[in-house]
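Dropping the structures in below, format is structure tokens.
Two complexes follow with chain A in common, the first pairing it with chain B and the second with chain C.
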Partner chain A sequence: MTAALFAEQVLNGLQLGVMLFLMAAGLTLVFGIMNLINLAHGSLYMMGAYLTATFQQATGSFFLGLLLALPATAVVAMLVELVALRQLYDRDHLDQVLATFGLILFFNELTRIIWGPSAYFLDVPEVLSGTVEVLPGIPYPAFRLAILLAGLAVAAFLFFLIARTRLGMLIRAGASNREMVSALGVDIRLLYTLVFGLGAALAALAGGMAGPILAVQVGMGESILILTFVVIVIGGIGSVHGALVAALLVGLVDTFGSVLLPAAAAEMAIYLLMALILVWRPSGLFPVNA
Partner chain B sequence: MFMKRALLVTAAAALFALPAQAAEKVKVGFIATMSGPARALGQDLLDGFKLGVEKSGGKLGGLETEIIEGDDQLKPDVGRQLADRMVKRDQVDIIAGVVFSNVMMAIAGPVTRAETFIVSANAGPSALAGEMCNPFFFNVAWQNDNTHEAMGQHVQDAGYKRVYLMAPNYPAGTDALAGFKRFYKGEIVGEALTQINQPDYAAELAQLRAAEPDAVYVFYPGGMAVNFVKQYAQAGLKEEIPLFGPSFLLDQSVLQAQGDAALGLYNTAFWSQALDNEANVEFVRGFEEKYGRLPSPYAAQAYDAARLIDSAIRRVDGNIEDKDAFREALEAADFQSVRGPFRFNHNHYPIQNYYLRKVVKDEQGRLVNSLEGTVFTDHADAYASECKMK
Partner chain C sequence: MPKITPGTLGAVAAVALLLALPPILDLVGAPFYVDVATRIAIFAIAAVALDLVLGYGGMVSFGHAAFIGVGAYTVGILSTHASNGTLLFDGALPIGGTHSALIAWPLAVLASALVAFFIGLVSLRTRGVYFIMITLAFAQMIYFFFVSLETYGGDDGLSLWERSSLLGLDLYDSTVFYYLVIFILIAVLVFCRRLVGARFGRVIVGARENERRMNAIGFPTYRYKLVCFTISGAIAGLAGALLANQTEFVSPSLLHWTRSGELIVMVVLGGMGTLLGPVVGAIFFLLLEDVLSELTQHWMIIFGPLLILVVLFANRGLLGLLRRGTGNDTR
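Right after this comes the complex of A and B.
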């Protein structure tokens, strides 16, 4: 592998990594703070992609479409939280898995009824349709670079939000002791709803940005969901910076695994990585309650 | 007393000896993948079949026709249960449809052992064309390798010297590449097998560019086709290295989702909506009128499946209980196929032409496949010689 090709594959790995981070950040917050296993997180990713495509066709602009899809998906998610998930917080994880698996089926069928069974069209915005020569002789799709940059920007924003703002403080407090937070007069239920909406908006951002690259189709959330769970387990459940490190790691291992290893071994690479890391650190790289 | 009994016996014997009478009704069990990401393929198959039945006024071969639908969910075990139920409880005369070869392999055994006919409208596994060929199994689409063989021939004829191959890592994927290589004799500079349903091909595309091939052949059906074709164009490779594929990469079920990324790409198939024969013109217009979209090759295959069954029932005057006669009637393939010339080989797989097609925009600005030429005339599959059936 030449240095130039190596650099290109690193970019590919990082781009997959930030995509996974956007998914994992929401999932790990919901899991870590609300103690809820949400299998339907991939459905929010799918909703983000479909809504971006729909708004893009209505407005004629991809960016406007994406911008509208984020709050729209968040609203859908908060409704789901109010109607369905609130009943699940006090129940055990098995009930949550069953109920949110049901939500996956619900969202898949709903999507099929609204948008039809065939894949839906969403194109790369005109300004980002070309390639950029990142290194001499290596044209790289401009849109993928934009995903990489957007993902890093969102990561920075999240760290600022959690470390420096009042909402972030409440999120952290809610994670360590929710009874105490409610005793201090904070509406913990409202906080949960907001966190869930935030996670959904991040998933929608990932889905909307993936739309132009991937087939926007029913079930698109399931393949990324599995990788996302691997990421939050490696990173340490509930830890956002753990999710970032783990997402980039998984992105790189998956990318290099698929080009360096034979097909069967490549499919196992990230699971081997997870197993090795869990042997070394059973609670993940950055355990929250260490 | 004795006379009476003798009379009864004679009467009973006469009853049983009566030549099998024309059935009043034909029951078809239609199995296809109607859920999950591959649902669009099953839907096209079913819609095409129904249109084919409608063409006979809803009566295949003049018999009242009942279609019992079943969704195999792309699971061989589910397909097998469906087939068992259709054969034993519903007592269907024919099982038709079936999108995926692994599902077909699971149902072919039990159904043919029960001496029920199968008319595959899509799945064409090599085993059933070769040593496992069966008097009760017919394929009215193609053998899995054929479409890839045609493109192997075209890429060879077009003079490309260095080809890079990609396919998903499952039996149909490896078969596809084997089919291509059977007719392409140049150098294979690289071959990548990817995970099935893999969404992102960025890493493999970087490797592909570095290998500097002068042409690329890939087999990706359904959602994978959408992902791959879009990403190939986005990486700037479309202008650099010509991309070739089978019709599955670029058929009507995925073209609209691929958009302009697919424009100008070449692919091979046994059929095109642009084929200018009477049956096809009627089919394409009828399909568009009824369903509001253009037909895919899947729809064309299933339409032909219905037309074939219709012709065979007519040929035996509705007497489908006589299995040998009905088999001969199916073998005769006495119907106007939408693909033009069509006949069955001795292994019950088609001998037919394969065409080169190109993705263009029609007058309404829709993406369609135009007809660019004929690659193979009267092409048979490579496994027929292993079939002992006469």
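Right after this comes the complex of A and C.
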């Protein structure tokens, strides 16, 4: 492997990693705070991609489309939270799995009805259609680089939000003792809805940015959902910085696996990674309630 | 002499109905429903297997479709080699394929049991949500393994050239195959009933209720759960072997993760932690799928919300509803 190819694969791995982080952050926050396992998180990713496509067609701009898709997906998600998921917080995980499995079926079919069965392919926005020379002699697609940078920026924003703001303080407090937070006069239900909306917006961002590099199609959320599960299991469920480390790790292993290993082994590489890490640490790398 | 309870009467009636089904369907002029009934019975076997770990053991496995797939592929691969006369392994001890059910089916069971054993070995170290996600991830790994298995059709799957042969029975005859599947279903139910009634089953249920206490009184619950998980995988593999014979086709879609989800739905819909619940659930789920898909091609838009309603308002399953009705609740 040449140095140029190596650098390119590292960037590809990191880019997949930040995508996974955007998904994993929402999923792990929702689990850490509401104790809810949400299989339908992948559906929100898919919603984000489809809404970006639609808004892009309407406005003629990818960035405007993405910008509109984020709040739109968040609103859809918060409605779902209000109508259905709210009842599930006190239920056991099996009930949550079943109900959110039902949500996936619903969202997939709804998408098929609204947008039709065939896949959409978004164009890479004009500004980012070229390549950038990241290191001398190593060109890299500008759009992929933009995804990487956007993902890192969101990660930084998220850590700031959680560590330094009042909302973040409430999120942390809600994760460690929700009865106490509630008793201190915080509207915990509103907090839950907001956190769910935030997670949805992050998923929509990932979905929207994936639009130009993958096909926008029904079921696109499910393959990334399972990778996201691997990420949060490795990182430790409920831990945001665990999610970041694990997402980058999984992104790199998956990318290098598909370059270096034969096909059958490549697809299995990240699952073997997960198995090895769990043998070593059954609650992930950064367990929350140690 | 055993006491005759409403339960045994019900069981006798149910068995009689199952045995009488093909002639009845013949009489009403719908013999093709025998195939539907066979398919339901095969999924009932898989659902009963899942209920052993899910209902009795409290282990929410989201990967049972993988064991069905391994069982089905074992039969499919052996049959392919038998048909084109090639060897499965070449070397000091060459092994060819076979159509014989007496060899292929036990091998299917063995292969699924082995896979279940190794998945359980890692997964059972974790609990709760971790367990759900890990079983899902391992099942996905096996899914991708078969997708990348180009020799055996990869993504497109593998057509069986012929069904297994078993003691001179004509397995191509829908009715014969139906009776065989029903016989296996009843055998599995009897086996599981003995299993959960025995000390082994009590330990499994005890571990579900309070694992720490079971450990404290000296039961190595991890080992018990691993055995339970392995048995469950083995039975699911048997269902896979039967399914491969019915459809004469195996493909990675058998192992798709939504299949595992559907199996959980069957178990919970029927009533988990009971043996008949999964059977009732399989019947209800597959018939509902049939009816709704007749109604509209977008049947999932009805089924999805229906599932949420069931979870919210009837989470003890159909059997639970029935029992509440008769005041005959034991769980």
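By our rule, the second predicted complex is superposed on the first by the 287 of 290 C-alpha atoms of A that agree within 3 Å, B and C clash if a C-alpha of one lies under 4 Å from a C-alpha of the other, contacts with A are read in each partner's own complex, and residues count from 1 in each chain.
Assume contacts are C-beta pairs under 8 Å (C-beta built on N, C-alpha and C of every residue); 3 or more make two chains touch, one makes a residue touch a chain.
Everything numeric here is computed off the predicted structure, so don't read it as measured data.
J.: With the two structures laid over each other on chain A, which partner does A:Asp95 touch: chain B (first), chain C (second), both, or neither?
T.: Second partner only, chain C.
J.: Given the touch rule stated above, what does A:Ser182 touch, chain B (first), chain C (second), both, or neither?
T.: In the superposition, A:Ser182 contacts neither chain B nor chain C.
J.: Looking at the overlay, what does A:Ser61 touch: chain B (first), chain C (second), both, or neither?
T.: After superposition on chain A, A:Ser61 lies in contact with neither partner.
J.: Look at A:Glu267 in the shared chain and tell me whether it touches chain B only, chain C only, both, or neither; answer first, second, both or neither.
T.: Touch partners of A:Glu267: chain B and chain C.
J.: Given the touch rule stated above, what does A:Ile104 touch, chain B (first), chain C (second), both, or neither?
T.: Only chain C is touched by A:Ile104; chain B is not.
J.: If I apply the document's touch criterion, which positions on chain A are contacted by chain B in one structure and by chain C in the other?
T.: Of chain A, residues 112, 263-264, 267 contact chain B in one complex and chain C in the other.
J.: Please name which positions on chain A make contact with chain C in the complex.
T.: Chain A residues touching chain C: 31, 37, 84, 87-88, 91, 93-95, 97-99, 101-110, 112-113, 222, 226, 229-230, 232-233, 237, 263-264, 267-268, 271-272, 274-275, 278-279, 282-284.
J.: Sort out for me which residues of chain A touch chain B in the complex.
T.: 1-2, 5, 8-9, 12-13, 15-16, 112, 117-121, 123-124, 129-131, 139, 141, 143-144, 210, 212-220, 223-224, 255-256, 258-259, 263-264, 266-267
J.: Which residues of chain C touch chain A in their complex?
T.: Counting only chain C, the residues touching chain A are 54, 60, 62, 122, 125-126, 128-130, 132-134, 136-138, 140-141, 144-145, 147-149, 257-258, 261, 264-265, 268, 298-301, 303-308, 310-312, 315.
J.: Touching residues of chain B toward chain A in the complex: what are they?
T.: Listed in rising order, the residues of chain B that touch chain A are 36-37, 39-40, 43, 169, 193-195, 197, 199-200, 202-204, 206-207, 210, 222-224, 226-227, 230-231, 234-236, 253-254, 256-260.
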